[in-house]
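Here you go, one structure.
Just so it is clear, A, B, C, D and E label the chains in written order, and each chain counts residues from 1 on its own.
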Amino acid sequence: MAKPAKHKKKRQHIELPHAGASPGTIFIDSKALNPIIKLYRYNAESYEVKELKDISNLKVLLQDKTHTFWVEIKGFSSLALFETLSRDFNVNKLTLEDITRTYQRPKQEEYDHYVFAVSRMLQLDENQNLENQQYSFLLTDNALFTFQENYEDCLDPVRSRLKIGKGNIRLGGSSYLMYALMDIIIDTYFEILGAWGDELDNIEDRLFDKPDKTVMFDTQLIKRNLINIRRVAWPERDKLNDILRSDSHLITDQTKMYIRDAYDHCIQIIDIVESLKEISASNIDMYLSIISNRMNEIMKVLTIISSIFIPLTFIAGIYGMNFANVDPVTGKLLPQNMPELYQANGYLYTMVIMALIAVLQIIYFWRKGWFK
Amino acid sequence: MAKPAKHKKKRQHIELPHAGASPGTIFIDSKALNPIIKLYRYNAESYEVKELKDISNLKVLLQDKTHTFWVEIKGFSSLALFETLSRDFNVNKLTLEDITRTYQRPKQEEYDHYVFAVSRMLQLDENQNLENQQYSFLLTDNALFTFQENYEDCLDPVRSRLKIGKGNIRLGGSSYLMYALMDIIIDTYFEILGAWGDELDNIEDRLFDKPDKTVMFDTQLIKRNLINIRRVAWPERDKLNDILRSDSHLITDQTKMYIRDAYDHCIQIIDIVESLKEISASNIDMYLSIISNRMNEIMKVLTIISSIFIPLTFIAGIYGMNFANVDPVTGKLLPQNMPELYQANGYLYTMVIMALIAVLQIIYFWRKGWFK
Amino acid sequence: MAKPAKHKKKRQHIELPHAGASPGTIFIDSKALNPIIKLYRYNAESYEVKELKDISNLKVLLQDKTHTFWVEIKGFSSLALFETLSRDFNVNKLTLEDITRTYQRPKQEEYDHYVFAVSRMLQLDENQNLENQQYSFLLTDNALFTFQENYEDCLDPVRSRLKIGKGNIRLGGSSYLMYALMDIIIDTYFEILGAWGDELDNIEDRLFDKPDKTVMFDTQLIKRNLINIRRVAWPERDKLNDILRSDSHLITDQTKMYIRDAYDHCIQIIDIVESLKEISASNIDMYLSIISNRMNEIMKVLTIISSIFIPLTFIAGIYGMNFANVDPVTGKLLPQNMPELYQANGYLYTMVIMALIAVLQIIYFWRKGWFK
Amino acid sequence: MAKPAKHKKKRQHIELPHAGASPGTIFIDSKALNPIIKLYRYNAESYEVKELKDISNLKVLLQDKTHTFWVEIKGFSSLALFETLSRDFNVNKLTLEDITRTYQRPKQEEYDHYVFAVSRMLQLDENQNLENQQYSFLLTDNALFTFQENYEDCLDPVRSRLKIGKGNIRLGGSSYLMYALMDIIIDTYFEILGAWGDELDNIEDRLFDKPDKTVMFDTQLIKRNLINIRRVAWPERDKLNDILRSDSHLITDQTKMYIRDAYDHCIQIIDIVESLKEISASNIDMYLSIISNRMNEIMKVLTIISSIFIPLTFIAGIYGMNFANVDPVTGKLLPQNMPELYQANGYLYTMVIMALIAVLQIIYFWRKGWFK
Amino acid sequence: MAKPAKHKKKRQHIELPHAGASPGTIFIDSKALNPIIKLYRYNAESYEVKELKDISNLKVLLQDKTHTFWVEIKGFSSLALFETLSRDFNVNKLTLEDITRTYQRPKQEEYDHYVFAVSRMLQLDENQNLENQQYSFLLTDNALFTFQENYEDCLDPVRSRLKIGKGNIRLGGSSYLMYALMDIIIDTYFEILGAWGDELDNIEDRLFDKPDKTVMFDTQLIKRNLINIRRVAWPERDKLNDILRSDSHLITDQTKMYIRDAYDHCIQIIDIVESLKEISASNIDMYLSIISNRMNEIMKVLTIISSIFIPLTFIAGIYGMNFANVDPVTGKLLPQNMPELYQANGYLYTMVIMALIAVLQIIYFWRKGWFK
């Protein structure tokens, strides 16, 4: 039985720190991408985007308090970039380490002049593997810095809402922008869960139609993915709750009202994850019971056929024995040896007895309910 | 074995938001029904119902503070309706989004001038599938707005109590009406659970009488439904608790006393759900143990019959061998070849030995307790 | 295999409210018993009991503050009785509904002038079925009303202590009487749990001596009963805790000291229930492992016998073939056809080879440990 | 298969109160031992022990505030003793009931002039059964009363430390003595858990070497004992925590510092219990998987042998058929009946074909990995 | 089947105290190593290390408040050392007992003039066994004492950072040094978990490729190690939280900021442990389902072959019977005995019938899906 190709999944290694580095060390991976830096500058009336080569003069640009700024940084290969952040914007070294070591759980941390937050951006790649990317936020009074390791993301809807100025997004300031990004990241979780919910439905159909062992493998795969998403959703919930209860002046009351909405979504996600986990477990239980049932059926076939024919074969064996009724050497008669063989209807009687035994056994099995 | 038709259940898709929409967007489904709007106007003495075409002049009507109003809205196809609510009654956009995106969990949210609450109305359809409809409440000082997506509901008893003016319902104001509706929605949960409890009892009877694999399927189906109802009951409990602890002036102390009663009911529902889940689990355990037992029985039959007849067949096979005691070509005597065959009582002795072997085995199996 | 009669248990239907009734409706079941009303009037010195026909002049009697009164009401068929309670003693309608709808969980509710509490009286009937009856308390300053649906109860020890005036019971006032009744109800739980503990011990003995499938059924029955008792014990604990923390002047400090003792008992009950549940689970695990072991043994017997005799039978079959060494028609010699048959010791050699094969297999199985 | 003797365990009946006794009744069991009363009188300089016949003049003795007293009472047959306690030392009736009803959970209760506490003394008897004895403490300002039902205990190390005056014990007052006794009782739990840990290691070795069904029984026995010790350890922890948070002047700050140490020990015990429970569960899982594996192996042997020889036996059976190529009566030739039998190499060809079939099957099973 | 050598694991005995010792007794194991004492003396500018023979004049050295000191003590054989600590540095006896009894859980305790803390240093030895060593901290204003039982540790990265003066380490004072050591100890947990994660991935690969029973053993081994690491990680988390909330002036605010980072790491560890546990459980579930499936396959082979050939063998057996159509003695014709044998095409017809039966059965099994 060939293993389905899709189980050759890309391993999702849990990336881990290496012991011994000094705390607060900025970590530049050798495979890090070159940074692409975009600066969005907008207020209710105006909107412009430009790509920056570096952030050396960003401090000056951001002194314009009539606009809100989104500094979007993709790719971490430039150590200078982080050093500029540290120098010009007084960002704590531990924060920079957390941005560059991309295995952080969702969390929110308040500092005197900025708020640092982490979301996990989940996406299904073309092979339905779950990709789990860190998305970091650095919120100041009129700017939001965001950091992501790769170039792809799921944030285009926010960018286009920003561009066309629909809804609150141009009015809400930097904290509303942070909310909008967090919210869309959470919303993609729903899409992923929806896909898995459908997959579980398909698996359940297969359970009824033709259960084979891929049912088990596929369900376990989804279950493991659900474990991964739950590892993200619970701390995400805590993070949103921390933001709701935050005293920081950087997060406006209006934003908090929206964060409460995102918090509700996050609760729903946890709720759906738990439900899907229970459905997975129930699928596995049913699969195992189907296996047991099938074993029972197989054994019943074997037992019925063996039980009927083994005794009959024995009887045939008896009358296949060569006990002689005449000694071939001396010619002495041995009349007690298998006289049945020399009766006119011996064969007939034997066949009738065999048929009787078979019928009795069939009745016995019938009444035990083995034919149902 | 044909699958019972009832497993062809209607899928209960968990409806999910789509990522990227601006928060606070009113969502009008393409399949939404045309709104039916009824206005109930009552106080202790008077009661009247009329159907409205739209709610454009509702603001004026509701300025009559001598009556309580129930604005019952069924069907969401009219965007204008929600815009009127937003304009005339200053309803928050997020609230309107929650009303129209009907996958909210039960919750209660307080705003300055209204209270928003969500209940989930559960009903069994004709195929015993669980339907899960959102029922939203918008409570103001002298009016209650309710919203439901479909036309059917389980609220007729409240409507008739309102009509005949029995009990507290005409005196308690808008918050009591909200309570009465929430209460009847919760009470239907009891009916559903009662039906499933009976079903589980039936399944248990089948376990004792003729356990087959539908036991497993049916129990799993109920278990999954119990998961669904639990997903509703826990947040419902939290919602009622939030209302109990609410500071809002819109909810009277008398209503809170009744809400405490509904809260007790909700605790009971959770309690029953957990009990039924344990009963389901216990049914499944028993089913699996029955399967194992049955396998044991099948194997015992096979083993007893095989063990008895296989050695006997072997003996018969021995004496069916054709070792010659006279070489047919040379006529040389070969007296050592199967001399038993040429003894006067060889056949008899063989049969006695076979019988003995069979009896010994039967005794052996008997003492092992395999015939019990 | 006949099902043991005791599994024909009386179903313990979870009684459920019907949706739609107005909250606060007194519910008189059509099968309700006629009320028997007893009035106990006592203080440190005096004690008298009389049966009342109705409670119409009870209000007057209870104005005697030198005595404590116990108004014991059994049977709910009289609507008038409850209306009198409502009118004369100002009892809330919701309280009366809770008294008459006898599926309440244990709880305590404080009102201005009385305390309402519910206990669940558990008793084993003659068939060892668990009966679960509601016992309601209505505590005023100098009187305790109690309500029970049926005539039987387990409270005689309290009545006799009251009569002979032993201990605190005549001095402690109405709240102590309520405690004494609650305490004895809890104490009967111990007796029931003791009976089930013994039953589980018996089942465990059967597990070692002759495990059959009734082990599973009986353990599951106890497990289900434990679920029921736990559903009662947890809210009972909460109720007692609520009374301990109550501010009501109706419950004296001395009574609270005793309630603390009852609370300890309740904790012990929960503790025992959890232990018995774990013992049940462990019994079921052991049963399933015994089943598996037995299957292994059965299969070993089958495999040993089949493996030994099937090859031997094959050999016997070989020499039972009729390949001719002389063509019966032409008389041509066919010396290559089964020459073994015409050797002087062919039979002997064959038997030796068969014995060898059997011995080798037995050694093989022995070394695999299958004979242990 | 004989049951191992050690499973004939002494039942550890959970002792239970009998419903109906008046609360606060001193309970003297008919099998209670005669009390042995020892009075330890000590301070930093002096130490003396004497055995008392009764405690009638204890009140006078204890007025000497320059010494600390330990009144050690073993055996409960004297009602007079408890009545003296009640009269001379004003001990609450509920306390005396708790001392004499020896199924209390560990707890601490503060009264105006004394502190009452209960520990559970666990010991393994010679058959490795767990004995669970109640040890009660009654702490006053300069005296500690202790109560135990039987004469044996595990407290000798404390007595000898008291005698030789090592460490804090003579200086710490009555509350330190209570701590020292509680601490040694907890320390014996470690010894018991250590013994069980070793036993579980042995069981695990047997799992690898020769797993038989005693593995299951022995593991379940330990698991059940672990449940018992957990039932003691959790309330013990709560008790120590209550003492730590106690406001009673009877417990000195220095004692509390030591109690914190005992609390740490108790946490460790709970921790070890949970670990051992998980190890037990893991042993059981492995045992079940070993059983399954063994079943697989047994079935493989059966299937390989049956599958190889059954078809061969069939072929042999074919050529054992007696279809005649000459009608024995008429002498008519029937050349189509089994011509193979009369071919010069028929036997040889048949044997070759049989060998071929066998080899093909062996290759098939080999490639399926059944010989590994 | 040989057991893999790696299961001959070194037992990780849970070391336990022996009952009866006086609390606060310093415990010197007979196998304790000779102490190696190193004194690190450093500030921002200077750094020096020297090895001390004893700590008798340490009190004087530490009065230099311009430097921070790290007193690193490895090996506990010297009682004098601990007595000096007690006398010169006024360390509580309970603290010294905790240092020398090396089975403490991670914890933090504040005293007037020092903070005592315990970490557990985990390391994998060359056989991949988990070693669990206690590392104790004693923090004063300008010095950190650390205690470890063995000479090996994982702290070299901190020593070299201290030497080269990189990062905060020379500036942060004694509390920062304590943090740095705690942090590196926690970071090694990540490495261990990473190794186990990889091992679980390998096991999963084996599950798909060639599942055998080592899968079960290896997974259980990892699961047990995960239980051990969890027993360390949870109290570690609590310890870090206690330090975060500590009021002690000995722990600076800057250190607390770093401790928050370590706390995050600890949460991540717990998170990973739980995920790996779930993956282990899922591997075991899949293994068991694979076992079941394989059993099904084995049984199918047996059943198909037996079911096809047993009936055919029976038919062959029939025509192997020796019913005579001529009485060999009298020569009487017995025409009813097996006339089929004397038909011209009897053999052919029989073979055709046999083939038919075989084909029908194959079709039957095919349609049942047994060949898939």
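Criterion: contacts are C-beta pairs under 8 Å (C-beta built on N, C-alpha and C of every residue); 3 or more make two chains touch, one makes a residue touch a chain.
Because the structure is a prediction, the values reported are computed rather than measured.
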Contacts common to chain A and chain B (chain labels): none
Required steps from chain C to chain E (each step between touching chains, minimum): 2
Partner chains shared by chain D and chain E (touch criterion as defined above): none
Computed distance of Cα centres, chain D from chain A, in Å: 40
Approximate Å spacing (C-alpha centroids) for the pair chain B, chain C: 24
Of all residues in chain B, the ones touching two or more other chains: 292, 295, 299, 302, 306, 310, 313, 317, 320-322, 338
Graph class of chain-chain contacts, one of line, ring, star, complete, other: ring
Chain C - residues contacting chain D, complex: 154, 156-158, 161, 166-169, 180, 183-184, 187-188, 190-191, 193-194, 197, 201, 208, 257-258, 261, 264-265, 267-268, 271-272, 275, 278-279, 282, 285-286, 289-290, 292-293, 295-296, 299-300, 302-303, 306-307, 310-311, 313-314, 317-318, 320-324, 327-329, 334, 336-338, 369-370, 372
Chain D-facing residues of chain E, complex: 3, 7, 11, 13-14, 16-25, 94, 103-105, 107, 210, 212-213, 216-217, 220, 223-224, 227-228, 231, 284, 287-288, 291-292, 294-295, 298-299, 301-302, 305-306, 309-310, 312-313, 316-317, 319-322, 325-326, 333, 338, 340-348, 350
